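Can you read through this structure? Questions will come right after.
Letters A, B, C and D mark the chains in the order given here, with residues in each chain numbered from 1 onward.
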Amino acid sequence: MTPIINIEKLRVTFGKGDEEVTAVKDVSFSINPGETVCIVGESGSGKSVTSLSLMRLVEFGGGTIVDGRMTLAGENGAIDLAQADADTMRDIRGDEMGMIFQEPMTSLNPVFTIERQLTDGLRVHRGLTGQAATKRALQLLKEVRIPEPERRLKQYPHELSGGMRQRVVIAIAMACHPRLLIADEPTTALDVTIQAEILALINQLKRETGMAVMFITHDMAVVAQIADRVVVMYRGDVVEEGPVEEIFANPKAEYTKALLAAVPRLGEMRGKAAPEPLRLVGDTVPPKPITPRETPELLLEVRNLTTYFPVKGGPLRRHVANVHAVEDVSFTLNKGETLSLVGESGCGKSSCGRSILRLVEPTSGSAILDRKDVLAASHRDLRILRRDMQMIFQDPFASLNPYMRLSAQVAEPLRNFDLARGLELQDRVAALFDRVELPRAYMRRFPHELSGGQRQRIAIARALSVSPKLIIADEAVSALDVSVQAQVLNLMMELQADLGLSFLFISHDMAVVERVSHNVAVMYLGRIVEIGPRAAVFENPQHSYTKSLMLAVPIADPRDRKQIGDLNFKPIPSPMHPLSYTPEPSRYETVGPGHLVLREG
Amino acid sequence: MAYIINRVLSVLLTLFLISVITFAVTNILPGDVAMMIMGTQSNPEALAGLRESLGLNDPLIVQYGRWIGGLLTGDWGHSLVFREPIAPLIAQKVVASGVIVVMSMTIALLFAIPLGVWAAIHRDRWQDSTASTSALVGVSLPDFFWGIMLILLFARALGWFPSSGFVHPADDLLGAIRHAFLPSLALGLGLMAHLTRMTRSTMIGILQQEFIRVARAKGLAEREVVWSYGLRNAIGPVLTVAGLQVGYLFGSIIVVESLFNYTGMGWLTYQALLNRDIPLIQSSVFVIAAVVMLTNLLVDLLYVVIDPRIRLS
Amino acid sequence: MHQTGTASTGRVLQNVHNSIVTVDQDLNVIPMLAESFEQSDDGLTYTFRLRPGVKFHNGSEMTSADVKYSFERCANPDTGAVNFEVFNAVESIDTPDPLTVVVTLNQINAPFLSRLAENGAGVIMPEGSGDVQGETPIGAGPFRFVRREFGNEVELERFDDYWDGPAYLERVIAREIPEPTVRLTGLRTGELHMINDIPADRIGEIEDAGELQVVKWFPLNWDFVNLNHTFEPFQDARVRRAFDMIIDKEVLLEGALWGQGAVTASPSYPTSASFNADLVQRPQDIEGARALLEEAGYPPGSLDIVFKATTNYPYHIESAQILVEWFRMAGVNLTIEQLTWADWLSQCWVDRDFQMTMMNFFTLWEPDFLYYSLFNTVGAFNYRSVSDPEIDALTEEARITVDPAERAEIYKAVQQRLFDEAHDIMLWFRNGSIGAQPSVGGLDTIVHPNGSNLNFHKVWLNA
Amino acid sequence: MRGFMTGKGLLGGGIVITMLLVAILAPLFIPDTFATRMDMRARLSGPSLDHIFGTDQLGRDLFYRVVLGAQTSVMIAGAAVLMSVVIGLPLGIISGYYGGVIDNVLMRLVDTLLSFPALLLALTISAVLGPNLTNTIIAIGIAFTPFLARIIRGEALRVAQMPYVEAARAAGTTDLKMIIRHVLPNIMPAIIVQGTISLAFAILAEAGLSFLGLGTQPPDASWGLMIQASRDYLDVAPWTALVPGAAVAITVLGLNMFGDVLRDVLDPRTQT
């Protein structure tokens, strides 16, 4: 079979002279008709640059294809895309090859209607205008299964949800029936249920049209779900290529092995009582489970926590409604244990964590930390209470002050509470750097000189500096590459074992949660819908939402693929209510020891 | 709709604050209305009598009340030096200034937008620095310098445009444009730099957006990508800046209108300030501030039309 | 009096009005709206025979009632009239018949007649028109008022029923263009037919080029440096004289006005009978000035003086800058403060809040007006607070001296005293200038003998 | 500091440093009377060996005037911008950092002031205070303050919402320390860049005020005053305008380039 596209010895650089950086060193692979090839790798692997080179869009970002061939097979003979002129490329883009991108929120032009954006490609490639174009656009929206397609045509992008926008982007790419669809991390920014739907859609379209798909992702679970063949990239090179089952079952390259070892797989904790660190490539001793204390000791008790955010609107910007971010949430957390709050975006898990720290002011409820109610504390007492609870934030780039030396950032909490001065302060900061396994030489550095994982270690060191009892980790590993994520997770677990820390672990990633938690609380629309020991919740989910969530999570195992028929998720209703709205209290049923489920109805 | 109501309410509040500030500032201006009326023939007794009859001895709050009451009822009082009712006088001058404000902004935008887009497309290359530098030259020298240069070039050497004066557009539209051209160009040169800079940086931001890549991935011609997909998104921010520039413009017209003997609001305000025509200063400063603010309101509302995101939220 | 700006439209507006009497080239009082006038032997009664058939712009014919009305209005300071003191000695104004006006004084006022010829006091307006004169001037002049915008434009149109025959020009539009470059460009491009005040440094160039007509006359006005007599150092005549000695008037004239004028030690109109031609300005003597100041108790560095100059006269600003240099050499530290016209009026003229300033006046050829109002202790224009008993006595005496020769001698004595005491520092008479297109005719008639008013009655435009 | 080693950086930085040096050093080495010395025989004379930049309408040497005038222009612009930063900084930070009612009130006021054209504001303030150097600085300073306050407020608001501020708050940092350690350093680049550009505008504003008779008082030299005085001689003695005009133009261009480069240099991501 002739491959649609055959890439040989592709080499792409950015910049000139001394500042030249080679993003893609020597990449060769091919894609056959009707085949889904996943290009997988971590950030900086060159996977996106490869896809952009194929579309010859890389030049707009300052890149140069310095070497190699990219042969596109066509009815009129083959074309080397690396050599094609601008006009030829314009004809090919959007016609022979379509592309979809990572950010559905920014992939559509905010000032044009959906119709305009759908028909542009039809106009330039097919000469379709007016009624004919509109008809085809409508048909396309139907093909990507958008509800109420007629209405969508006249709408603007911001009126659509993220999932719908990504469907529109797919429709745009599919407009001229391309023979190759390039999808660059198309589901990374989406919630897991929507991700599942989009993946299913791409699969379905592929089957219907027989096109080939080049799918770029960093997520091994997605790869396992969608790929026919896999190309693993690392630092600009292809390190391994092969059928998906082969790659997962029998990886050959060291890098692939390390990568697969670092991926937490949903279900692999089955049968284990306590969380345990991942066993990474190179680890010689098996990881030790973090068993809870024999006599549980209560650290944090949250009762009926409720947080509303006022919505202002109308003339005079009056307070017209509330966003019910956290609605009657109660839970407990013992010393030395981890409770995970898990849910999709907007479910209130972050607000819940911030409310406990009083980074946002809760509306009502109590949070008793070591017999002191944080929510009732005066501002002065609150400052002192914060010594016992610290936070790690999601974005390692934004949570460090770019203008402050790392040592000063780690020392800041110590200085705030005047816990150490002068040399003692220096020593303690140095010890913290050791503790999070960062070289002491980094103390004089600024955040931008560090990688994402290193920064998150600084954030952990900063949190540890005042020896807190509780650390609230808000999506602390979500922005990290999978191998770095594994290291940071292991570090956190190790610290828990050594220092007896408690974690309130907030995450959307079910596989990670399964790995680190003693207890799990699933949140939906501001409420905990199900809470209990990790094993109970994961192995015996009771609430319908928990079940659908479990179903949507892709599993990093090509033998365990989702069936399309399973995927029918309800959209999440708005948590915004008028002022007059009085919510029902949360009422739970006990289904097992410590396993509570919100009553539905 | 609520957005518009809120904007209008805030406009009313701002107008009130503008009136208070205007009144307060004009009251601490040195000089004296009575003295200005009497000029070199002033003598203390006559001045005292005139002050009394003009109500200048009343408490400030009473004077403010009288003024604001007059503004609201359309009785803006009489100018001391022009010896005319203020309201129609200002109405006429606003038209005159309106002509050069619109023309200078048009000239500035006609140059700035293509220049800024061109610079953005060729970011960090020679075209970029050429465009930015040439736009900067306009703002590097004071308006009156350009004004005189333009008079010497276009009026004296080439004879294309008249050197001074104002013609009402209702009387002679072409004449009005010809008379307004040189002052507008002098002002436009000053406006250009900032607008070019703004267009450039906005366009650079937009050209890095994902939807631009999507547009390219559709196979659209680069011309359409930049001038339709890109520019359409840049118009809003650029217009906002242009709106803010109207404030700067109404400052510059004081100098430029005086230079060109173009009898608009800038000229009027300067005459009023020069002659300490307090009633006229109050009203014209108030009108200028109000016009500046309303222009920004207009731009905001225009933004609503341009950008569907605000339209529906 | 004061110009209200170098490009003033005020001088054009004067074409709306005619005066009861006026002056000829030699500054003799001659009839105008009055056909003839006579003064009684005791000098207390003036009889004016009015010219018959003089029409006002409103169509009515001038009668003695209008004259009485005009005089009475001018005599009443409440109307804002500027020349009321001209009528101070008037006891009665009688109108025995429609064409006769008899003015009776209660004491001799020698300058009465010539003051009527000067500066608006003798302007005749229709009876009852006083209230509208401010907005829409109405008179018996060759042009009727059409409209005016303050600071910008005055438009006049020909009055066809003018008693001395209609003017040639159908319409006169005067526009204020304060920027010299813009004004000159307007003339050169043909947008303007005529401009007042050619920039001083360009007169030679334009005359040489020969493409435009240039009318120059002497004098337009005179300038002097003012010393505030309430400021302690200036109460000492030595200080004032020393200040006079610091200034080289010739160089200052060259520097500020490009030599467009002639220096003078006396403000009297140079061709008038009372002009004291014997006075010669003190030559610049910085060393002498230093010595004099030292003697008066002001050694170098001890005098810090603020010089207030108005931006209304850019050449005053130039002068001030030159003065600063000389005064520094003499050990006096001069600081310039620029004032707008409004601020100058309020600070210097009314509040008399200044140490040193500079001003110009129109050439007041009538000596009483000039010396009494400017230098008498109670004079209306004595903003420097000059108070010299000798001058007070002389100016009072001149008022009741009927014999012209005797009066002239008194004023010469006043000039001598002013010079000796250096109450003010006289600088120069300044040239007037007009630039015009070649098509403008009759330019020789345009300047009024007093050197300040512009008369468009006999000016025409060639096709 | 590598960011300065670009063509633009070297040129912009070079101009700014040269102008600063001239402004500071010239008055130390050249007697200030050199700027006011007159020569009535050499009025409006073109550039020559005696007067390398020519002379003005009073025969004053333009080289000395432009060199000594640098001090006045730079001082007025610098002091005025400094003043607007000093007033605008606390207002902007309080408004942006605390938000809420204070923010509403302050920003309503700033918006109102922004409706008054800066030159009109400066003109009025000058008229109230009277014309002299200090008052010119105050007038321009006050007129520029609302702009600075607005920009600083925007930056403070942005920084106050950054996770590192939240992290510091969670770590027990008090408001004052938060502002000093976290907010100020992070808004500084924006203030410096805006300040640089404001300097250029302040030089022009001084020229505008001079045109209207306010601003620097003669015979002192400032660039604005020199351009103002040259306007009657532009056609016969263009150098009288071109000399100070070039000084202003080069400085403004230099400041703008310098501002652009500062923006890049102060960004920690491009620091090495």
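Please note the rule applied: contacts are C-beta pairs under 8 Å (C-beta built on N, C-alpha and C of every residue); 3 or more make two chains touch, one makes a residue touch a chain.
What you are looking at is a predicted structure, and each value in this text was computed from that prediction instead of being measured.
Student: Kindly indicate the chain pair that has more C-beta pairs in contact than all others.
Tutor: Among the chain pairs, B-D has the highest number of C-beta contacts.
Student: Can you check how far apart subunit A and subunit C are, centre to centre, with Cα atoms defining each centre and the answer in Å?
Tutor: Taking the mean C-alpha position of each chain, the two centres sit 88 Å apart.
Student: With centres defined as the mean C-alpha position, give me the subunit C-subunit D separation in Å.
Tutor: Taking the average C-alpha coordinate of subunit C and of subunit D, the gap between them is 45 Å.
Student: Using mean C-alpha positions as chain centres, tell me how far subunit B is from subunit D in Å, no decimals.
Tutor: 22
Student: Subunit A to subunit B: how many Å between their CA centres?
Tutor: 49
Student: Would you please write down the residue numbers of subunit B that are in contact with two or more other chains?
Tutor: If we look for residues of subunit B contacting two or more partner chains, we find 30, 148, 152, 156, 258-259, 273.
Student: For subunit A, jot down the residues that touch at least 2 other chains.
Tutor: In subunit A, no residue touches two or more other chains.
Student: Which residues does subunit C have that touch at least 2 chains other than itself?
Tutor: Those would be 179, 181, 340, 343.
Student: Between which chains does touch occur?
Tutor: Here the touching pairs of chains are A-B, A-D, B-C, B-D, C-D.
Student: What part of subunit B is in contact with subunit A in the complex they form?
Tutor: Spelled out, the residues of subunit B in touch with subunit A are 2, 5-6, 9, 209-211, 213-222, 229, 232-233, 306-309, 312.
Student: Quick one: which bits of subunit D touch subunit B in the complex? Just the residue numbers, please.
Tutor: Subunit D residues touching subunit B: 8, 108-109, 111-121, 123-124, 127-128, 130, 200, 204, 207-208, 211-212, 224, 227-228, 231, 234-235, 241, 245, 248-250, 252-253, 256.
Student: So in the complex, the part of subunit C that touches subunit B is made up of which residues?
Tutor: Residues of subunit C touching subunit B: 1-2, 77, 80, 82, 134-135, 149-152, 175-179, 181-182, 185-186, 188-189, 191, 340-343, 345-346, 349-350, 380-381.
Student: Taking the complex as given, what residues does subunit A use to touch subunit D?
Tutor: 357, 359, 383-384, 386-387, 389-391, 393-395, 398-404, 412-413, 416-417, 446-448, 459, 462-463, 465-466
Student: So in the complex, the part of subunit C that touches subunit D is made up of which residues?
Tutor: 179-181, 199, 201-202, 205, 251, 254-255, 311, 314, 317-318, 320-322, 324-325, 328, 335-340, 343
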